[in-house]
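Pasting the structures in now, so scroll down.
In the two complexes that follow, chain A is the common piece, with chain B as its partner first and chain C second.
Up next, the complex of A and B:
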């Protein structure tokens, strides 16, 4: 693994905690790096009915390993180049306008421009999990097969145009919405200089981790390495914390940290179903962080029922664990099946997408 | 992150699994049902945007935000090409496919969802 950015220092408990100087600890940076580097395989083919005359049908598929945190409109230049240069006959293709190009999955579902590619992929994975023939045990990622249409986009349903400007606006909107969810205002985002705000999108366009996080680290809360080691923040400036720092030394105390947000920006995707969003406070009470298990029990209890109680310890079984139960469903974040003990605040700090949102996709077990 | 104890199941659990799977699919049907509930949306004009006679509306919560924008356009008598920008709580523009239910749950104040509208981009 390469070095984690040029400006990161190891967490120093004695450091003065100003937003700008705050060091991002190794653990958080590691997971952000893994998220950033995550990719999914896409297989793009033009609808055979729409192939311009004299196209080279031997090259009808474009394969790309696309970053999870990126967007289809940003891939359009390379997709366009492939099809225009290698596949389409120049004369037959000269009237094609790529602002009229749009995607469907092989199953006929319209693909949304403004969703991160990783979300499009995971949403497809969970939709496939509904079909009896699917198998989750496969360790090789199956390419997401997309059909590229060259004309007549269904604008009513697409809702957004694929222009780079519209894509950027949608992205910035999501970042602001996430900021508001966390703190009840978008002050942190709007407080960034215009150059910095633009830098976020540039980081996505160029797929540059350091450029993106140089700005994002100013607005994204981190999780302290072990909360017991975090120093109590200075009380001189106005506190954004809704509740006072816990007197318990094990409690979270970094003022702008992931455990002090009002709510974690998270959305829940039910396969072929609704997207669910609501307020998700990081703590159940002063000492108990909210886990994925709590979150899923709150929103979709029929799919994630509470665990049966642990049997009392006995001589024969001094360290009892809850009895294993068949689980109807699983939760994917960034394509990984999440242990249900995962803390929501941790997800918010470490496994969110580049737009600030944690996307939890629910698949059905077989 | 520790391994869940659920990963290896005893053999007696296998028939339980297909029942569980059926229950899961039934559960999904429950969650897919569209919410017929309505929530209160309060429209607030910003800058030179025209003020409406009526500002509070009950909107079905399963509607996408796109439907709210179209509703507002109709109420204002705006054609498709006239610029209209919408924001929640004077802070951000939601994605057009965000549902009113989700926006209400996340951002409501005093039991209504505030939608600001202007003819120029303000908090874009």
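Up next, the complex of A and C:
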């Protein structure tokens, strides 16, 4: 589980957006703010075999509470500063080339630097859920332990450049793909001025919600207040705020709404498994929004079986309810266990990552 | 565009058609592919094969006089292509879930096992010589001017997760479908149409890279 910052002062949604009068309702903004403010704990330690001579071994670990929407290459400057300034001996470290630095998890898997940090963390959580000793009852987030290697990246690593420029291009590519998935073209993204497109990445680099959303609101669908159904917040969640009544006066344009997209940009991660991506239309039929339950039944029915039908009413049981089913697995989005009745379109509008994608990570219950 | 089941079927038909045929230059691009599926998740099948290429260096044509002295560089003469090192390439045709078309992924290594840099890739015999026209390169991508996506960039293989280079598929459908209009007959069976689609895709791919 990850922590969310307390909700800070509210900006009036209308004040942040352009003259185009696309006021985002309070509800959507709240969840986007919570997503933006989400962080995960990282514990970074240099491989002891690679520590340069005379390093200060008392300081061998760097702890950081990293934003879920950020990327490892963007954290490199502060990580480098910590190790070079405080830990490594200057002479011993002078020949280190930081373009050869690379990360591995404590379990020995190569870390994908082009994944958002929140996804790296959640993917690790579900991988750990496969082990019988893991427990989900702890409400304290366990740090993700990463090992920093200083040289000799494996061949696979050599292939993927970790520079911030490469990271920016990968990020922009994901945003354009998400645009294509929603509308069948990348016009909305490519129609932005270059300055605005760059502004999205600047918002990530500076971790500035307003700068990012000033541009992103032009291309990200919102959930119309009359149709959005947020899930009931889980009671154990410390700082999740109950959904307030929508205060939106005008409502966003239905035409661009989250329920009118062709398909929602969603990817499914199974523990130690491949990434699954398919078409996810927002509605099952004219009146029924697609829920997480429908989506998971489509893709991984063994882990998320359909609920058995409700038994017919009888004198002994005039108001029957469906029998409880054992749930072998759970679904995490932004580190939160999602109720299965959550609507996919709502996830697309409110809980997507900054790259436009909803990442659903499946963990195993014990 | 193709649905995933259509892609799977087209690939299987391709493998079947060429596995027992006699080799010929005209069909090099379509032969030798293997269909592989993910061990536990369906709908992640792809084509793969290995190919060899050469690194290509271009030298200007230099005149040598009767005394074995170099005289002048003849700019009018075509540069001499000096192929040196043997390069091995793993090639994949995967399904792009976003763009719903086939997508070409590959890796390429020196004979000592080291992966090639982008410049080495672009100057190998894998790419057609005009690849650099109207394009900007970085260490991680080649982008044609005024296009939304880089033509060549790095990404994870959708089934194996391994990092690869790939050619962006977004313009493919339009070109393939334009070309198909010229050749397709309405009476063709569904299977025949799928196989045509994939073969036409290889033709379009062949304008950028040498798939042989």
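Of note:
What we mean here is this: the second predicted complex is superposed on the first by the 307 of 366 C-alpha atoms of A that agree within 3 Å, B and C clash if a C-alpha of one lies under 4 Å from a C-alpha of the other, contacts with A are read in each partner's own complex, and residues count from 1 in each chain.
The rule is short, and it goes like this: a residue touches a chain if its C-beta (ideal position, glycine included) is under 8 Å from a C-beta of that chain, and two chains touch if they have at least 3 such contacts.
Keep in mind that what you see is a predicted model, and the values were worked out from it rather than measured.
Applying the stated clash criterion after superposition on chain A shows that chain B and chain C collide.
One of chain B and chain C touches more residues of chain A, and that partner is B.
When both complexes are overlaid on chain A, the residue A:211 reaches neither chain B nor chain C.
Contact with neither chain B nor chain C is seen for A:98 once the two complexes are overlaid on the shared chain. When the shared chain is aligned, chain C comes close enough to touch A:165, but chain B does not.
When the two structures are aligned on the shared chain, A:341 is found in touch with chain B, with no touch to chain C.
Clashing C-alpha atoms between chain C and chain B appear in just one of the listed stretches 19-27, 37-45, 73-81 or 181-189, and that stretch is 37-45. Comparing the two interfaces of chain A, the one with chain B and the one with chain C have residues 112, 159-160, 169, 173, 176-177, 180-181, 186, 190, 270, 273-278 in common. Interface of chain B with chain A (complex): residues 1-6, 8-10, 13, 16-17, 20-21, 23-25, 27-28, 30-32, 62, 64, 66, 88-89, 91-99, 102-103, 105-107, 123-124.
If you check the complex, the residues on chain A that touch chain C are 112, 155-161, 163, 165-166, 169, 173, 176-177, 180-181, 186, 189-190, 270, 273-278.
Residues 112, 114, 130, 159-160, 169-170, 172-174, 176-177, 179-181, 185-186, 190, 263, 267, 270-279, 300, 302-303, 321-322, 324-329, 339-342, 364-366 of chain A are the ones touching chain B in the complex.
In the complex of the two chains, the chain C residues touching chain A come out as 4, 38, 40-41, 43-44, 97-99, 107, 113-115, 138-141, 148-150, 153-154, 156, 158-165, 170.
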